[in-house]
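Multiple structures are listed underneath, in structure tokens.
Both of the next two complexes hold subunit A, though its partner changes from subunit B to subunit C.
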Partner chain A sequence: MSQSYDRGLVEDFGRWREFSAGMWAWVFHKFTGWVLVGYLFTHIAVLSTATISAEAYTQTIVGLESLLVIRFLEVGLLAVAVFHILNGLRLLFVDLGVGLEAQDKSFYASLALTGAIVVASVPTFLAGAV
Partner chain B sequence: MADYYSSFEPKGTRWLLQRLTAAFLVVVLAFHFMLLHFVNHAAEVTFMQTNLRMSQPGYFLTMVAFLVTATFHGVNGVYNALVNQGLDGTPKTVVKYGLILASVLLVAQGIRVAMAMAGFIIGPAA
Partner chain C sequence: MSTQVTEQETETEEQSSHQRRRLEEKAERAASRDRMRERAENDLDEADTTFTLKVFRYDPEIPEKEEPRFDTFEVPFTKGMTVLDSLMYARDHYDSSLTFRHSCRQAVCGSDALFVNGTQHLGCKTQVVDLGDDGGVPGEIRVEPLPHQEVVKDLVVDMEHFYDQMEAVEPYFDADELPDGMEEQRQTRENREKIKMSSRCIWCGACMSSCNVAAGNNEYLGPAAINKAYKFAMDEREGENRKQERLEIIEQEHGVWRCQTQFSCTEVCPKDIPLTEHIQELKREAVKNNLKFW
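And then the complex of A and B:
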């Protein structure tokens, strides 16, 4: 038997000081989702240079990757993607009714693991940057 | 809190598809990042390497499935977020069809790009 409880409006961001772990997870999942869908459109736009010529494609990728700001943005994208994946797994388990009593702990674990993976990946992402 | 809680009950096709695409995307997005940032460094990507990968039918089909599922999951997520924020009436209908149009265009362009990468179609300047 499922049962809901009054969590108040998460959309009312003025209440952020009262937010519980689950509400922060909701906010972060929405934010990272918006970033990822925005990136999807941008990604296809950049890769569309492949329809012009092989040279245009290679030069565009190499040119973008030679910019330090792009490397940092890629680290940010990794952070966003890893959190969305880990929290998404958490949500799938919650949807299946598994581990709901530990949903706050699994949110903290998602955050910690995201931080660890991102920090460990920084050298790889910045390697060879101008 | 309830002793037992599960939201895994029928809530419509879009609800189920959002979860099914999520399960697929968790695996493929992680694979995509691993392959193009850790196995192959993004800065060293060339058309030749991309062409080599996209010429493999399994990889090509996986990437097209990745495009379609990511588009559905992302755009449906945006729509759900806007409805959750109170989008209703005519604006809701306009946004719905606007997002459907954007999705169709993105998937069509994405498949065109995938075909070019695989060498099925040659660009005008190639």
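And then the complex of A and C:
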């Protein structure tokens, strides 16, 4: 009889080059979802400074915003959030059984729209920092 | 490479005649192998185009073949050649131990779902020319057994789990009550249209193998089984009670709700069944079934 054994790259994420649109949409949706959950937790750290005093909170925010890396992270956060929203809408339609034949196109559309919105937001986010 | 057992010297008359016959047969086999190889060489010389078939090999019963590996075979291209044809060519001309399932050769029996160039394909339904970049013959075709299933030998995988899942949805027509005085059970045209695509499944297992969720969760019914359930749940002739029972199977924890709409199954199904669509429709049915406004 057969035994199970490690078939190596036959069945793992090392085959990402062969993924199709729907699979990528799923991977990105999971990833962005977890990033957003992580971002929720950073609120605890930042907001809790308000329990010390109003000034401490303001200072924390100003201090953070003066860091260039934070500005870039904000652009990244927007990208993650926008994609998650748009793909979420796509999934809503999938759940309603609308336009399932175009699921790959709607994924590409979410990507393109995310890209456009993110690029357009760059001047706002980086204003005064560079 | 040789898997033959070395012959033992024997004393008695009978045994030695027996042995002679075996040796003759063996020589005959070797000669026929040589002839086939020669034929292949001729074919290769004459062919306008050839391509390389890279095939996954594994045989747990033979020590030298225990390690999974790839073998390559040079195959002459002929017009209309399918991946299954090329595998058969390799088996008949180069290595008779190359093992794979096939039967109908016309996408009906569902025995030859394979992992071709990284996607699930039905060997007999996949034209070699369709695998090339620009509609031409590709330089190399990689053939592996279906992922996420145990390999028994070479390209043959264990389908038992897949069949179990199919059985779990009770895949047979089973009406609440039979119409009296009539043996036929007529279906309306509209209803027939509705379940038409779902009835095309040939149990090849390609969908299940492509599904990431099914891979990580052995209890998940999987696309093919849910599609089967769809076929019967949507059949109006079965009646309300039966439908209710069917919905209960579909709604279980490892039923429709495990589907995360990756669309992998829909993409690989050789019979073009809109699997994700059917799963989604059953999810909605399940919700409607459980929603009560009172």
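Keep in mind that, in the parts below, the second predicted complex is superposed on the first by the 118 of 130 C-alpha atoms of A that agree within 3 Å, B and C clash if a C-alpha of one lies under 4 Å from a C-alpha of the other, contacts with A are read in each partner's own complex, and residues count from 1 in each chain.
As a convention for this text, contacts are C-beta pairs under 8 Å (C-beta built on N, C-alpha and C of every residue); 3 or more make two chains touch, one makes a residue touch a chain.
Note that the structure is predicted; figures quoted are calculated from it, not measured.
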Pick one for A:125: touches subunit B only (first), subunit C only (second), both, or neither. first
For the three-chain arrangement built by superposition, which of subunit B and subunit C touches the greater number of subunit A residues? B
Contact-wise, after the overlay, does A:100 reach subunit B, subunit C, both or neither (first, second, both, neither)? both
Quick one: classify A:66 as touching subunit B (first), subunit C (second), both or neither. first
Considering only touches as defined above, state whether A:74 meets subunit B (first), subunit C (second), both or neither. first
Look at A:20 in the shared chain and tell me whether it touches subunit B only, subunit C only, both, or neither; answer first, second, both or neither. second
Which holds for A:52: it touches subunit B only (first), subunit C only (second), both, or neither? first
For A:37, select first, second, both or neither according to whether it touches subunit B, subunit C, the two together, or no partner. first
Output check: A:92 vs subunit B and subunit C. Expected answer is one of first, second, both, neither. What do you get? first
Let me check the overlay on chain A: which residues of subunit A are in contact with subunit B and also with subunit C? 1-3, 5, 11, 91, 94-97, 100
Which bits of subunit B are touching subunit A when the two form their complex? 1-2, 4-9, 19, 22-23, 25-26, 29-30, 33, 37-38, 41-43, 45-48, 50-51, 67, 70-71, 74-75, 77-78, 81, 84-86, 102, 106, 109-110, 112-113, 116-117, 121, 123-126
Subunit C residues touching subunit A - in the complex, by the definition given at the top: 56, 60, 68, 115, 118-119, 144-145, 147-148, 150-153, 158, 212, 215, 260-264, 266-267, 274, 276-277, 280-281, 283-284
Okay, in this complex, where on subunit A does subunit C touch? 1-5, 7-8, 10-11, 15, 17-18, 20-23, 25-26, 91, 94-97, 100, 103-104
Subunit B touches which residues of subunit A in the complex? 1-3, 5, 11, 30, 33-34, 36-37, 40-41, 44, 47-48, 50-58, 61-62, 65-66, 74, 78, 81, 85, 88-89, 91-92, 94-97, 100-101, 121, 124-125, 127-129
